[in-house]
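Each of the two complexes below includes chain A, the first together with chain B, the second together with chain C.
And now, the complex of A and B:
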């Protein structure tokens, strides 16, 4: 029986496909360019993200939730689907490896300072293999529980920061040019474009015709959470600190305490964040496996799943060994790659479909 | 997705893996009484409890024989309802009487037993004997009569020993299946209550009854349950866990997917909610399926007291679940890896306590937990008279001495004790046992990877549970997948008047528990009662 996920579950998956790493990486990137205007950058990138979600949703609605590459193969040529599949596979392997490296780097810097990286990678790998093996239904269910936990964490986060928030630190507003806003938003837009993971989740959606709505709701949640983190960080520390800290969002958690009996609560939030990243990694591994299966028309999961996970681990351990290299990729390399894979290719496919449909309509009218 | 491991349970047992069968192919009865008796004697061997009682001489026109098993029958009933009427009957001695007519006469008029059945083969005859029936064999007939004379010693209905309640019924099931079905019938006086019986176990031939409400229980779940029961291929069923393991979902999962209880009100409550009860002869513990994770935190007591206190207690149970599973692991992780989380004064106090302890926190916790489990197991097995003494030695002397000897810290004793107490708060013993096992794994991983390890273990558990099903129902339902309107009886227990519909299980229709039109609020209801009381 094919597993199915509801619209709400899919929206939460989109949310967790973007939010966990975005909350860690984006504040510093946005803060460097926009300082106190960073929230505007988030809004700008969210608008572009919504447009990308509309594009992805339209494709899914058009193909009625069919497996993406199989649909391409049927509509054009098998070889085009294979070539496209290899490109996408490369993208998903790279993206998964980068996510895992960001995760491991964070753990190494903040949680387990002495533990070797390969232990952290190995542990994470086993967990995401198990999750991907259990299927998208199980991932979606666990993910929905984790997203609902935000209802618990957000109020305690806001309550804990209440005394430190200073609105004046957001001033002066609109000081940066539109060019700066655009420049700062490039990387967040790349993150938002990860909504394209829906292309590989489409066969599992209960209502593929609601894919656009799924993307929009997911991105709306991401925007809200990002804004909360960005605004609270800015109001607590000011724009200068945003530029100098490696993980500004988490430092904000660090100052929360309840009375004199519970302090340094960042570890609680970090624990929750760890769970979210596992979900993101599991989703990307699942999408990688789907991409592989559709490209090479295989039905089995087991051996390929382990193989793909090992490639991700190898890339994580050796390609992104230097944190500086990963930061450079995030700041400069990510945007063109993500735009090509997540926006330009789907856009080309959608335009081709539109042209074909128009031509077919005209032919029909002529006949 | 295919499971990583497949559990070789009965549902999937290969055909060549049959247990040796005690019952050969079906053999019809003969027209000769002597031949039938000989065959039967050969079948049961020289069993001293099997009674062969001849009535009349072999030279008589219609000699008869009674066969029954001593101890399984009610001797008075055999004597008064069968033996006496047969020996005193003059009709059987009439010259015109044929074998067929005599057989019918015995069945319809002479034997004074309400439940009679005709048997045609030796296998059914043997099975009937083991059920406590008395078999009547006659000369010239290749059929036998089975009269229901079952009457073995039974334990009376007592208070449940494993699921006690303060305010609620004090009855529990007994080992007798019929008592169990009767206890349910007394609670659900509806013609829709159906009882289907199965015989499982080639040698034990244990009676198993599935009990459900027609129109409320999901047909798909019922069909799946029947399929699994029919697929059981074992030679014995000696208790409820045999059935639970043979038909349960999840393969090697530690989590139970079927509830067990000895309370008839718990089974009745479940049946009224659309679950299916499984009663097993020979054990007071019955099963309820399908059962999801949250069912194991519900107690019948919740429905016998006010909703506010029930809700509070239910929240306490969930908190206890987490404390019981995670507290020692968190203690290990925090004291070993994340000391910065602890306020300085507390940290200094903990450090001072651990100063003389020669073991790392992980070893200290493992030692204490294992000691507690040893004491607990000893408490279950030891004679009742010396139980309190051992408890005192274990809890007070060992704990106090261990702290004074510097083997463990006082804080660790507190952690382990509180963990153990929290474990007893969980109403379902099966779930409490799962936590006991998981606690050790969590402690080990916390000792190696700290809070990261705990979180990693938690996510594995969550994924595992999210992938589990009980007879097709997701194990984390109604939380994941989320159905908000069914949450009224999950983390809290809403007032009865608010729970108008019963949760939809699998593909079944959501059905009404209480009338919603016109809505009667508590205040209106009290005024309504006053009006009713008025003459």
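And now, the complex of A and C:
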């Protein structure tokens, strides 16, 4: 029996497909360009993200939640679906490897300084292979529990920072040009475009016609969390200090305290974040597997899942070995690749569908 | 064995296997550290001698801390609640590494409470120290920072009474000072870095000192009721662009606390009847205080409108007074206000003399006049603009509570 996930579960999956990596690097990326105007950058990228979610939702509504590449194959040609599938596969493998490397780099910098990278990658792989093997329904259930834990962690986070929040650090506002806002928003827009993962989750949705709403709810939640993290980081440290830290979001965890007795709570928040990253990685591995299965029309999971995970591990260990290279790609290369895969290709497909439908209608009227 | 029980035993086996795997994941792999191999640092001190860093680390002595009453360190007699290690190195980390040559335990900094920096080190600049604290993953950026005129390592050697862990004790001292006296606030490492990277590029660090030359570092010496030497908070050290530039007395620092809205609670001594007696003979407890600073551009220079409002409780009164008469209360309020104004003006004179914007006027001007600030930054003339700033302090204090007496004791005596 094919596993099915509810609209709420899918929205939470979309949320966790974007939020974990954004939490780590968002303040530094936006803060460098926009300083105290960073919240504007988040709003701008949220607007673009909503438009992308509308596009992805429209495609899913149009194909009634059919497997994306199989649907492309049926509507156009088999070979076009295979070529497109290979492109998408390359994207998902690369994105998963980059996410894993960012995760491992963070662990190496902050938590497990002596542990070799291959051990961290290996352990993470075992967890995400197990999660992906259990299927999207199991991932969605665990993910929902994790997202609901925000109700516990978010108030603790805000309350623990209470002594340090100074709203005046957000002033003066509107000091940066529209060009700066656009430039700063490139990376957040790239993250928001990850809502396109819905294309591969569509066959498992209980209500594929609600895909647009799923994307919007997921992105809305991402925007709220991003804003909370950005605003608290800015109100705690101010724009100048923020620019000098590699992980400003996590430095806020370091200073959270409740009186003199509850201190050094960073490890609690970091553990929670690690769980979120596992969910994100499991989702991406699942989407990679789906993409592979649809491209090459295979039915089994097992051997391919392990094979794809090993490719991700190899890319993570060797392609992105240098943190500087990954940072450069994040700053310059990620936006065009994400836009091509997550926006331009779906947009072209959607436009083709619209044109075909219009032509068919006209033909029908003429007949 | 039937099918059901076989299934149950398989589940049990799986549960045991999962549990074993889960515990394996908790070993922290290559980063595992045993508690009995760690030297938990509660304080650190930094000096410079002969062009080298001299670092002193205060490590909690678990055997002394766990014993009842303190000091009973097993068969070898009383042992101090903490131990100190002093090492030299051309860099700070080299000095830390050299501690492994003398200590059986690896230094662990995550629970460090205080950092004492020698004045000479601060005069040369603390950029290297700040960088270390913000870069090193286990260096706690929440440590309280202090300046010391004498060798910083000496402070860490001094024993404290009541609180055995000296680092925690000093942290409590500064917390209580800022909550009850408000002469100045403690500053944590990340706050220091924030202040120095802000528009004003200035920060203030409290002084920590020993009240006498002698250091009490033996348990037997600390057993007397009145220690000949104690740890005490002193003046307020001012830093500009990561270098120490001068001190402010505690009274001057008090005025700064009013200007920067850092008053939590304070005792304000005042003269009850200035027309007949100039001596301070009364005190009020300032229960809460709020300062609002507004920059105003007056054509050629900035004027800072400083409005202080607060509520006080009368605590002590020598002269005659009937507190049921509003005119008497009002007179006291004016006298308190006058005193606070004097604190502010005195502090401002010192701040101007030092030429350091510890008042944090620069961020206020940036927020209120972004275009003008842009111009100041472009010209790089903040120091000149700062020297031209004029302050316009206004203080309004209301005495809401008089304690348990409605008249002064002297009035009762004379009635």
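One rule holds for everything that comes next: the second predicted complex is superposed on the first by the 367 of 367 C-alpha atoms of A that agree within 3 Å, B and C clash if a C-alpha of one lies under 4 Å from a C-alpha of the other, contacts with A are read in each partner's own complex, and residues count from 1 in each chain.
By definition in this document, a contact is a pair of C-beta atoms (placed from the backbone, for glycine too) under 8 Å apart; a residue touches a chain by one contact, two chains touch by 3 or more.
Here the structure is a predicted model, which is why all the values come from computation and not from measurement.
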| item | value |
| --- | --- |
| Side-by-side fit of chain B and chain C on chain A, or clash | clash |
| Greater residue coverage of chain A in the superposed arrangement, chain B or chain C | B |
| Touching partner for A:141 - first (chain B), second (chain C), both, neither | first |
| First (chain B), second (chain C), both or neither touched by A:255 | second |
| Touching partner for A:264 - first (chain B), second (chain C), both, neither | both |
| First, second, both or neither for A:123, with chain B first and chain C second | both |
| Chain B versus chain C as contact partner of A:302, first or second or both or neither | first |
| Chain B versus chain C as contact partner of A:241, first or second or both or neither | second |
| Partner chain in contact with A:115 - chain B first, chain C second, else both or neither | both |
| First, second, both or neither for A:363, with chain B first and chain C second | neither |
| Superposed model, chain B segment overlapping chain C, candidates 171-179, 441-449, 459-467 or 513-521 | 441-449 |
| Residues on chain A lying within both footprints (that of chain B and that of chain C) | 111-112, 115, 119, 123, 260, 263-264 |
| Chain A - residues contacting chain C, complex | 109-116, 119, 123, 168, 171-172, 175, 237-238, 240-241, 244-245, 251, 254-255, 257, 260, 263-264 |
| Complex contacts: residues of chain A adjacent to chain B | 3, 6, 8-9, 107, 111-112, 115, 119-120, 123-124, 127, 130-131, 133-135, 137-139, 141-142, 144-145, 148, 260-265, 267, 270-271, 274-275, 278-279, 282, 301-302 |
| Partner chain A, residues of chain C touching it in the complex | 25, 28-31, 110-111, 134, 137, 140-142, 172, 175, 188, 190, 193-194, 197-199, 363, 366-368, 370 |
| Residues of chain B touching chain A in the complex | 1-2, 4, 337-338, 340-341, 343, 346, 449-456, 458-460, 462-464, 466-467, 474, 476, 479-482 |
